[in-house]
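Got some structures for you, see below.
Both complexes below contain subunit A, partnered by subunit B and then by subunit C.
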Partner chain A sequence: MHPFAFLKTDGHLSSSVAGFLKKLLTDKIADAVLAAAPTPYSLLPMPTLFTDPEQIEKANPLAPAAPFNTARQAASILKHETGKRIALVLRPCEIRALVELTKLKQCVLENTIIIGVKCLGRMENAVYLEASSQNANLTQAFYDDPVLQDRICSSCAICTRFQPVHADISLSVIGMSANESIGLSAETDVGLAVLKQLGFETCDAPEGRKDAVNRLLEKRESAKTAAFEKTRDKTDSIEKFQRYFADCLNCHNCRVACPVCYCRECVFLTDVFAHDPEVLLRRASKKGMVKLPTDTTMFHMTRMAHMAHACVACGHCSSVCPSHIPVADVFIRVAEEIQNLYAYEPGRDLSEAIPLLVFDEGV
Partner chain B sequence: MKEFEPKIIAMVCNWCTYTAADLAGTSRLMYPANIRIVRLMCTGMIDQKYILKAFLDGADGVFIGGCHPGDCHYINGNLKAVKRISGVRKLLEQFGFDPARLKLQWIGASEGPEFQRHMTEFVSTVKSMGPNPARDCMIL
Partner chain C sequence: MKYEQPAIGVYICHCGMNIAPKVDVENVAAFAAALEHVVVARDYKFMCSSPGQSLIIKDIRERGLNRIIVASCSPRMHEKTFRKACEQAGINPHYLQMANIREQISWVTKDSNDATAKAKDQVAAAVARVVYHAPLTSLEIPVKKSMVVVGGGIAGIQAALTAAEAGYNVHLVEREPSIGGHMAKFDKTFPTLDCAACIMTPKMVEAAQHPDITLHTYSEVASVEGFVGNFKVGIRQKPRYIDASKCTGCGVCTTKCPSKVISEFDQGLTFRKAIYSPFPQAIPNTPVIDRENCLYFTKGRCRACEKFCEAHAIAFDQKEEILTVEAGSIIIATGFQTFDPTPLTQYGYGRYPEVYTSLEFERINNATGPTAGKLLMKNGKPPEKVAIIHCVGSRDSRYHAYCSRVCCMVSMKFAHLVREKTNAEVWEFYIDIRSPGKLYEEFYSRVQEEGVHMVRGRVAEVTDIPENAKNEGRLTVVAENTLTRRILRVPVDMVLLGVGLEPAKGADDIGRMLGVQRDKDGWFNELHAKLAPVKTAMSGIFLAGCCQGPKDIPDTVAQASAAAGEAVSLLAKGTVRTLAEISYIDPDLCSGCKTCIEVCPYTAIGFDEGRRVAVVNEALCKGCGSCAAACPSSAAAIRHFSGRQIMEEMEALLL
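Presenting the complex of A and B:
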């Protein structure tokens, strides 16, 4: 059992969490904090790097929205060691992606404090903006109201890994009444030291919290099984697969949004797929016609072949699709098959090697 | 009705399986003409997309031949191939391709008769599966 502490909210969830982050800066525990915050121009919370304790009062990392998987932004801050200590408030899928990016040598996880959120999910941007226009205190309302919680995006609704792994401290609202207090659990020695420095009294986690987690897990598991079944039915032949992806515009947004698709230059942007007219004419003459741009099916299948082992199931590939193709539904399902094959779970352990990078005579 | 003649792409490594194919040829061993050989320096250079491309363009089978484990000219290229190919096989299976259409076989440089045997066997396996379903639909 991890040491546990209560963070009193007294009906002010967002500002209490912001206050906790503020203390990290004022007590000089962290030199900078990465946390989601709305901008002056929109309510949509964007990943924001704070160094000024006054500014961080605007942070709202528990808002049920995430326009990005912040792992990419986190990795750019952690690209190399700066000598600064950085605290990052991340969702579980973002931490998983950050761990994968660290394995891929895109960043270093030294000198960080990772604050993970036990996550109830995110809404799509448009849903969040609409809901927050009707409720000025949406973040608080979200944790109180199961109806609002059902408005999360489809990938979050089937997420069973909503508890952060690899966090130093986890923020928990599950099984707590968020308008009284939320839980801080110290999952590493670094996390415990931080809580002690901030003057928190640690105790055992309250009764009933585990039950709430298990209930949610059960609900998510059955939703996932049902969703996988549906997606399998829709993609279990090449004909159906193409029907599924037929409206794809080849914009590659899904690849850009993918936190683990890390190549600086994707093969689909190279000359390999910049076909000469002779190639296009030859391909057209093969079946009498060819749809342009070519290689849409190839793109989606290749992305799965290249990255499914590392898919963290964040669902951002669906969220950014201009044709509203549920890319993540099929990606997450296939990823689970591939990850089972390699007995690999992305983000589970920093020391667990990426399966395609170790060579043995097994699978 | 004409018997179904599959088209099979064989991606074989320069050092072992291609040499075995050469040996089969100089030894005048016969094998079906359904195989189209692509010579690569090593099976470790086979990206997953090469296999997907072959299947999406209508290949009925893809055969990958490399050196026996431990014999790779580049130490462990064939072991890289094992990992990638098992993933692609799993992927193809999800979208209705029979995973047996993708075969990986180690054939050493001196194994001309082995090359002949594996080619004959694979052609008859693929023949019994019928045409690749991607042949009949428009590929986007």
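Presenting the complex of A and C:
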């Protein structure tokens, strides 16, 4: 059992968490903190890099919204060693993606304090904005109100990996009364040292949290099974697959949003797919017509081949689709099958080699 | 990318009766003529013949063709031929594409109409692809005129001498204090019964004295960098604690050393000192101090050797040194070790003092061995009855499934030596006798004529429980004679185990450093079992002797000479040509994830830390395509197999 501490909220969840992050800066434990915060122009929380303790009071990392999977932004800060110690507040799927990006040499995880959120899910941006226009204190309300919790996006609703792995400290809201206090669990030596430096008394975790986690896990498992079943029915032939992606505009938003699509330039932007007019005319002449742009199925299949082992199930590909194609439903389902096949879990362990790099002759 | 307007010539080969009767070649040629960019399409009886090639050359020159399709056999057969023809006519050889309508179509398709339709698809695919071909060239790289031979047994010595005689500098690396390897331990050699030392030591001396051979004994290969023609080999010289330039090899130090250590050279049957030369004819004859057993190193006192050394050659402060040498090629000659029969508990090795391995028995027979060459048991008496067991650890799926090739002859040599030196009866237990070498079968007959009992049957057990009181204190060998179908219980005084051969310890490290693959048993893989038996998949690295598989001395020497010949042929030319169809990594596309570096089997990809991109070493790359397959952004691509070329080919085939 990890050492545990209580962070008193006394009815002010957001400002208590912000206060905790502020102390990281004032006590010089971190040089900078990456956490979600609303901008002056919108309530939508954007990943924000804080160095000023006064500014960080605006941070609201528990807000049930996330326009990005922040792993991309985190990786850009951690691209190489800067000598600065950076604390990052991330959701479990964001940490998983960050670990995968580290394996792919896109960033270095030295000198960081990763604060993971035990995550109840995020709402789609529009849903969040609408809900917060009706409730000034939506973050607090979200953790008190199961009805609000049911408004999370479809990928989060089937997420079973809502507890952070590879975090130094995890922020726990599950099974706690968020308006009284939330939990801080030190999951590594680094995390424990930070809690001690901040003057927290550690104790054993309170009873009942595990039950709450297990109840949530059960609910999510059955939701996932049902969703997978539905998706399989819709995609189990090439004909159905093409119908599924029929409204795709080839905008490649899903690729841009994907935290583990890491290529500097996508192969679909290279010469390989920049067809000459002769090729397009030849394609047209074979069947008398050709839909443009071409290579829609090829794009999704290729992205699946490239990413299935690393998919962290964050669901952002669905969230950004202008044609509202449930891209993530099919990706998450296929990814789980592929990952089971290789007994690989993205983000589980930095030292776990990417399946492509393991040569095993088998027996 | 299109470099110029393509003008394509298509040539459909009849291949005599191989293609034409099944594929309607005229129809395919007519089909091809109508394809885009095709200027001329013909069919001809034998495209690979001189007139066939001339047809292509003439069309290129007269019709201005810049792309050529030959639809015929597999490119493995004649791609080179047609590339040469293109070159001769003045266009880049990589503007050729072959469509395989023989192996992939005419030979394997029943219906003639189907075959013709398939051939059309193949030709259309080749035409679509060749439009996107690029002119490729390769680099000529100078070659260093020296080589490294790893292992100083008979294979390494032979290879080193052959290459040195041709005038090349050879660095011969041996991990033991002396060169000589296993052969230096043997007494007689089959089938001619030459004294091993008598034929081995002159070679050793010759190697030591050769002006073009540098011996690195008590040394190991520590690192290998570079590529064919330009290797850099790091050699770790272990400290001998003796200044070789001062040592006269008088041996006083060894006499005065008070420590007694079990002798590895004599297979543990005698003792040596902590400062020692492994055997009297050792080369170099500079002794080494065995640090682990030296009183000065372990307890901080003694220094007797230092006191008595008149040459002041003892150097306790000597340190390990790493020497880097350049080499155009490398020969692996790491040899073998013998199978340890301890796990075969039914033979009692290690439990019964009179059960010996073949290497131990070599030492017993050897004039410099524990009994000065007399065939005696541990009690000092000669044996009256000796059993020899074949295939110990070989032809046994639990240990080594392969035949170790030498043990039959070694065992029969032992039978002969026992008969010659004593009056003892000899019983040989074999599975099959394998004696396929020159004069080997004759030797087998000779041993039989000498009265050796040959029993066909694998020994079930060697036991010290005697059949009757008369045989108290002796061993009993239990076996079925499978020819007479009788169980035999033979009381004997001595049992010799014909142990199998296995790859030398450390061969795995050498393989890893050099990037040379080993087979499931650990032997190094040759490039081709028949046609390239001493080459490896790594250009510039060759194999000699038992490191490639069990061999006797004649085969080892022959193979070592061959390896030296291949190495010399590479060095003599002075340059090597890189392959043209190799990987290229586009630095503008590379994300620096290093995936390609991990999957490259030839360690041909390095990393530019400044630009944070992967870079291909053109001399090392074999164009296998692993990097291209692994790279998601297709930053890594194989020239001549680019994404674009393959896409076009596939489209023409599938759409």
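One rule holds for everything that comes next: the second predicted complex is superposed on the first by the 361 of 363 C-alpha atoms of A that agree within 3 Å, B and C clash if a C-alpha of one lies under 4 Å from a C-alpha of the other, contacts with A are read in each partner's own complex, and residues count from 1 in each chain.
Here is the rule we go by: a contact is a pair of C-beta atoms (placed from the backbone, for glycine too) under 8 Å apart; a residue touches a chain by one contact, two chains touch by 3 or more.
Everything quoted here is computed from the prediction, not taken from an experiment.
Contact with subunit C, but none with subunit B, is seen for A:262 once the two complexes are overlaid on the shared chain. For subunit A, the partner that touches more of its residues is B, with subunit B and subunit C as the two candidates. Of the two partner chains, subunit B and subunit C are each touched by A:356. Once the two complexes are laid over each other on the shared chain, residue contacts for A:202 go to neither subunit B nor subunit C. Shared-chain residue A:306: touches subunit B and subunit C both.
Judged by the touch definition given at the top, the superposed model places A:270 against subunit C, while subunit B stays out of reach. By the document's definition of touching, of the two partners only subunit C reaches A:278; subunit B does not. Looking at the shared chain after the overlay, A:338 reaches subunit B, while subunit C stays out of its contact range.
By the touch criterion stated above, A:82 is placed in contact with neither subunit B nor subunit C. In the overlay built on the shared chain, the residue A:236 is in contact with subunit B alone; subunit C does not reach it. Applying the stated touch rule to the two superposed structures, the overlap between the subunit B and subunit C interfaces on subunit A comprises residues 267, 306, 356.
On the side of subunit A, the complex with subunit B involves touching residues 232, 235-242, 245-246, 248, 267, 287, 289, 291, 296-298, 301-302, 304-306, 308-309, 333-334, 337-338, 341-342, 355-356, 359-361, 363.
Interface residues of subunit B, counted against subunit A in their complex, comprise 48-49, 52-53, 56, 69, 76, 79-80, 82-84, 86-88, 90-91, 94-97, 133-134, 137-140. Here subunit A touches subunit C in the complex through residues 104-106, 262-267, 270-273, 276, 278-279, 282-283, 286, 306, 354, 356-357, going by the rule given at the top. Interface residues of subunit C facing subunit A in the complex, by the touch rule stated above, are 1-2, 36, 588-595, 598-599, 630, 632-635, 642-644, 647-648, 651, 655.
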